[in-house]
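Please read the structure below before turning to the comments.
Labels for the chains are A, B, C, D, E and F, by order of writing; each one numbers its residues from 1.
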Amino acid sequence: MGSKDVHEISEKIQSMEIRGAGKIARSAAEALRQFAKDSDEESIDEFLSQLREAGGVLISSRPSAVSLPNSVRYILHRVENTRVDDVEELKEAAIKIADEFIKNSVEAVEKIGLYGAKRIEDGDTVMTHCNSAAALEVIKSAWGEGKDIRVIASEARPRYQGHITVRELAAEGIPVTLIVDSAVRAVMKQVDKVVVGADSIAANGAVINKIGTSQIALCAHEARVRFFVAAETYKFHPETSLGDIVEIEERDPSEVADPADFEGVNIRNLAFDVTPPEYIDLIVTEKGVIPAQAAIMIIKEEFGWAVGGRW
Amino acid sequence: MGSKDVHEISEKIQSMEIRGAGKIARSAAEALRQFAKDSDEESIDEFLSQLREAGGVLISSRPSAVSLPNSVRYILHRVENTRVDDVEELKEAAIKIADEFIKNSVEAVEKIGLYGAKRIEDGDTVMTHCNSAAALEVIKSAWGEGKDIRVIASEARPRYQGHITVRELAAEGIPVTLIVDSAVRAVMKQVDKVVVGADSIAANGAVINKIGTSQIALCAHEARVRFFVAAETYKFHPETSLGDIVEIEERDPSEVADPADFEGVNIRNLAFDVTPPEYIDLIVTEKGVIPAQAAIMIIKEEFGWAVGGRW
Amino acid sequence: MGSKDVHEISEKIQSMEIRGAGKIARSAAEALRQFAKDSDEESIDEFLSQLREAGGVLISSRPSAVSLPNSVRYILHRVENTRVDDVEELKEAAIKIADEFIKNSVEAVEKIGLYGAKRIEDGDTVMTHCNSAAALEVIKSAWGEGKDIRVIASEARPRYQGHITVRELAAEGIPVTLIVDSAVRAVMKQVDKVVVGADSIAANGAVINKIGTSQIALCAHEARVRFFVAAETYKFHPETSLGDIVEIEERDPSEVADPADFEGVNIRNLAFDVTPPEYIDLIVTEKGVIPAQAAIMIIKEEFGWAVGGRW
Amino acid sequence: MGSKDVHEISEKIQSMEIRGAGKIARSAAEALRQFAKDSDEESIDEFLSQLREAGGVLISSRPSAVSLPNSVRYILHRVENTRVDDVEELKEAAIKIADEFIKNSVEAVEKIGLYGAKRIEDGDTVMTHCNSAAALEVIKSAWGEGKDIRVIASEARPRYQGHITVRELAAEGIPVTLIVDSAVRAVMKQVDKVVVGADSIAANGAVINKIGTSQIALCAHEARVRFFVAAETYKFHPETSLGDIVEIEERDPSEVADPADFEGVNIRNLAFDVTPPEYIDLIVTEKGVIPAQAAIMIIKEEFGWAVGGRW
Amino acid sequence: MGSKDVHEISEKIQSMEIRGAGKIARSAAEALRQFAKDSDEESIDEFLSQLREAGGVLISSRPSAVSLPNSVRYILHRVENTRVDDVEELKEAAIKIADEFIKNSVEAVEKIGLYGAKRIEDGDTVMTHCNSAAALEVIKSAWGEGKDIRVIASEARPRYQGHITVRELAAEGIPVTLIVDSAVRAVMKQVDKVVVGADSIAANGAVINKIGTSQIALCAHEARVRFFVAAETYKFHPETSLGDIVEIEERDPSEVADPADFEGVNIRNLAFDVTPPEYIDLIVTEKGVIPAQAAIMIIKEEFGWAVGGRW
Amino acid sequence: MGSKDVHEISEKIQSMEIRGAGKIARSAAEALRQFAKDSDEESIDEFLSQLREAGGVLISSRPSAVSLPNSVRYILHRVENTRVDDVEELKEAAIKIADEFIKNSVEAVEKIGLYGAKRIEDGDTVMTHCNSAAALEVIKSAWGEGKDIRVIASEARPRYQGHITVRELAAEGIPVTLIVDSAVRAVMKQVDKVVVGADSIAANGAVINKIGTSQIALCAHEARVRFFVAAETYKFHPETSLGDIVEIEERDPSEVADPADFEGVNIRNLAFDVTPPEYIDLIVTEKGVIPAQAAIMIIKEEFGWAVGGRW
């Protein structure tokens, strides 16, 4: 009855057995694929209605993860716009669309590396922040093409994900320098391009990413340094039109400093910030490299114009 | 013969027995004071020539500390411009000028607190960076006047001087919040004023201070938040006209991370950065509160127009 | 024969018996709907040709009102792109499309209120100008959701439409402050968001609205305050690509001051001004909330790419 | 005993029998002049001490008027820096300095007109706001020189001082146009220069003037239109370094609208605003025409560097 | 077999027998048209595969000319998206699409003149640079409509194409002024609009054009003067997302000065520069007048979203 | 009687026998020196009055050359402020002051080279425009110090003074590149500093120099490249407060192109333009290196506050 898989996967997403933006998105697509395969509905309208319901179940299992509703929307938007005469044809189409989504998702990071690397020139010094698979793929791919590049990575307090980044790059033999987060502006004159990842991207092209990203973008903008964001299209968030209305998560203060040592001091640990589109030159996606202003075109193409008018 | 004290103090400055911008400046003034007292020169020209020489000896003991040549310049500039008929009168004048410098220097931080506090309004949220006595005096003085303020302090990696700051303020009962250096832009919308100290100030009003300062100034500028610098006049640097030509010291990388853990990674530890005058609203000195553009007026008044044309 | 209704409605629009952007647009749609119903044309080409002619008659009755040609364009664009085999099917489609337009138009302001209110946060101070139904719906809707907001309204000289606004809001119990138009910049620091309406919106996102709007937008931009425009999609103007080429109406000087009292003085009464898209953060439409740069996407979707190449 | 005049004038200032920035300043100078004349002190120190006291009495009679302490400061600063051997010589000097101040003040507006008119070119359209004697003198003086100019004046709600301005200019035969305050940006493209007056000028060059001034300056800045301020040097305010800390007076709301007609509505009537120096091209004073950044040089020259460190 | 024409035309393009962006584009379309006509393929897939191959041959004959791949892409993109049941129908469609491209291309400059002239107002002073047929068509068309305009043309060193421009305009009786390239900023205050052509336009709206164009755009931007680009849609470059990555051709230094006269001097002759989209107000195409940000919409509509992901 | 020399020199200046800013200034100083030497006036007032008259005669011989009135002002300002008891002492002082001016002027360019070279760093690429002795002295002096620099020079149409510059630099062995004036923005990313001369400098720091200078400054500003002006203090213009009011000379059009070849074309040949102070980082003078905002301090120090209130 198909909905078995939907509920099973939905639960695994909720329990975080299935985790990571890409995996969650692909699992949801798989659930809908199986749902279409198992469906014995004989009317197009009924099938669509049940498919929508299944999508709703999946989305509700982890509403904060943008990749989850996006994979559901991707499939529903296309199935709904498929013109067929027969419910079986529609089920076929749904399966094909889900397969396509899964395939695209798997190949996305690799493609982002490929397209992004074209923007990196021989001799460039590239700055990155935190530890983004897509951003690092761009750097490694440029290095793999034989370009002579150097990387500057900020440490990304409080969790020092920059340490993972510099080790990962040094392991590939790429010359890499580690700096404290405060030194970004001081070294920006030596940087040619900045490449970072994204947690999600709003309809106006604003990018929500690891705390500190927007500050780096501001420094790059001031110094006329190109700022690139590497992100799969399922990171685009059709329900937010401006990043700054998004609620930004605060994490445990003890990641910053032990509160016991700081009596009377409030310690805040903001996890993300919002980079406005005017500080972003390009977003590298697996569909191609777009200016930030074209974010809304990606959203419209991938997920339809306005989903419930909610953005 | 007076020069005994000059050499003694000069050595103590060199050996860092005497340290701290204020103490160094006052010791040099004391050495010149004693020199004038002990001098048995009978001609004005000879006395001036020897006083200049003594000044040169003092300056050469630690050329990088801006407060040292400034105290010498302060005294020489005034002695040279004293119109007297008699060498003894000139010696008297020199002693008085040196005394005046010492007194001003001692009272400077307190006055800065007093004048700066007038710029802080009831209800303000004030951001600070690193651990500057003058900047904190402004905050404490405003608090002491009964103003209801809150403070946000960045941790100031790699040496965490922000920890000292938050403890110092919490001890006074001032509500204070600690954040990582990357979170500055994310919280800037909640800030009313930024107050920081200075290592030195160039003729165009550019401020050399702890790494990260210029980044905070840029974020404040973007958000139209007032940015104040608290600094004694002996921090003004007559020989630099633009901060960005100053050589910025790099410190031991192990303060950032243990190089042994990061094979193949270059670790840089920049100690200072340069904040351009267009990001600074006011400089609070013990002479009064001036716009950054008036830095050159302070320098001209304190140390004379162009010292050896070197700036 | 249908064209009876077309001419009747056309005359009523011309004589201003039918007035108000929304009503004019819906009447035109009704006229075309009736025209399609009554048509006894037997060829698709003929029907389309006559429908276009009817549209032309309607548009010519009041060329300056942007909502009128837009309603005609909306219907024609869709009818022309309907793929059918039979003229009767096409007439059916035309009727359905006209109905859809009328329904959308009726519901537009309510939806705008709903979507716009999501952009207003608890505790916000919202500035508005003049008296726009759509803008006030956003404010009332946010208040209706229980958000604790305050409003600042400018008086909107010379006709004081701001007086209507403050009374309308006070009647709902919303805390509201009235200021003179000159005080906008002085109070902007206390404002969180500006919400205004629009007379029409150009293809590049420029907004033509009541005199004073662009000045408020400039002050908001300077202070980094979000500036929202609330407007139905039929306000979008496919024939203007930049607002600044639009001829701005001048009204009777006696609204400003009695010319008899001011001999030798020229009194000008400009009715509208143009706010450039770079000062606008969002346009709230009944289709969703879009960045100003996406105005051209709305136009293309609603009315087709280039109507007669005239924009 | 001289202090009689001081107290008498002090009372008249307090009771507003003496009013207007210029008159207040000159009366205070006259009081100090008389005080010096009548003094029978035989020691320089005593005379100075009593003169300071007299100054203090005068200042305290109306602390908010910047011209009053400025006239006192002008005289004291110069008397204190006069090098004489004899108290009678000093009294002479004091009388001469007070005379000089009075003469300068009387001639100031005329000189401002003369110097300012040189900045107005044949064919210029000049915008002005409110009703400033100094600003209008610039315009009339340019017209008097035979320059073919036109003027645009805003009405200056709520008190319509713009009405006085347009009548005053029309009486001279100068072509003048009246607009509402909201229309400033819409007509700015046709303007060549803006000339306004000042209530006071801060040490950083910020200008406190009639509400609406800063908005006009912002619009001029956006359109690259030159913005001039016409102000006597006694308007310069040595105790404020940035205009924005000055408390801005709020006047009776009934000037804006009758509160009885607007139940539940808060009506605010802000009297002044602050124009930041970066929007001001020139300040025309009776000493010459200076860039806004040189405000601090005027203050230093006129009133000494830092008066009690209070700015 | 059709490919005869393809190869023949391909060779003529390579040998520069066929030259000029428009002619090259139309020849390629003609070759594909003939190819479709001659094809005796009986399967849709085979026909498409051979058509693609023919397109590849044409493109490879002059890879640097953007109009050539664009004409191929235009046809292929549309043929591939034609839904037919029968290969002969597809061939018919291909012929029709090629005809359509050719017709559009021929009419493009005339239409650009027509649409662009609407942006020129009576009394305007228009600046132009180099010698662009499309830009001059806009100017002549405005003049032809009876608008009283004046033109300022820069000489366009080193090849003085500005000389051709001023003669061409003077021949039409249009008042025209010639200046050196250095005088652009000095005369910009007298200019109302700038109109230039384009060699190619990137996906973000950046314009590659004759050296000096970006400097003029910067001066126009500083002075708030509208900057228009006149360009056929086949100038849009789907493979570049930001103009600045494009390799800019350097031409023979002897065009600048005779190297024999300048021993020891390096002479550079950069042929083109890149104008960023933020300095461009409108791009006038034969499809209509679009904001620069909509370049990506033109590309997507004309040539499909992402060609091989190469942009 | 001294005035013989005044008139003789005055005539030689008028007839352009004496030419060049430096020589004119020194000749005038010599004339006044001789005048003081020959004077047999016995009263201080008379002597001063006659000296002023002699100055007036000199100034009137070539009113447009800023260096001439400046040399007169320099001497008069100092003589008038000399406190002496005896007319002979005053004559002595006048001779000494004139000598001092002459000596300073002779040494000025050399000192400018010395001070300016400190701002050039090893490895810098320096752009220059036209052919300024002071600017080239900075470049040669840096090269002479062993700094490895490269120069880019624009050709400076219409008179190609850039050709003289590149030959002059190549003769010293300095690597130098020649470009057309249109290529400035295209190569600006490779430039570290721009150094140009000045014809005169206004009180607000605006620089009047060869046509094209302001355009280069704008491009440097956009790219955050440091822009330096090298100028002797006698180039500072006490009578202009903003450069843009200065009448800019237009030269013979035939320098641009032969009017006979361009019938119906207006050819303009603007000689100078005005660079606003916000695009200038430093002015290198023989007194030291100052920020552009300090121009007014130089003027006040050199020539007194306001000469006749004319600025």
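Just so it is clear, a contact is a pair of C-beta atoms (placed from the backbone, for glycine too) under 8 Å apart; a residue touches a chain by one contact, two chains touch by 3 or more.
This one's a predicted model, so the numbers in the text were calculated from it and none came from an experiment.
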item	value
Numbering shared by both copies at the chain F-chain B contact, with half separating same from different	different
Averaged-CA centre spacing for the pair chain E and chain D, given as whole angstrom	58
Chain E-chain F separation of Cα centroids, rounded to whole Å	46
Separation of mean Cα positions, chain E and chain C [Å, integer]	36
Residues of chain F engaged with two or more neighbouring chains	222, 293, 297
Pairs of chains in contact (touch as defined earlier), listed by label	A-B, A-C, A-E, A-F, B-C, B-D, B-F, C-D, C-E, D-E, D-F, E-F
Residue ranges of chain A touching chain C (in the complex, touch as defined)	203-205, 241-242, 244-245, 293, 296-297, 300, 305-306, 309-311
Complex interface listing, chain D residues touching chain C	154-158, 163, 166-167, 170-171, 173, 175-187, 211-212, 214-215, 218-219, 222, 248, 256-257, 262-270, 273
Complex interface listing, chain E residues touching chain D	222-224
Contacting residues of chain F [partner chain B, same complex]	111, 114-115, 118-119, 121, 226, 281-282, 287-291, 293-294, 297, 301
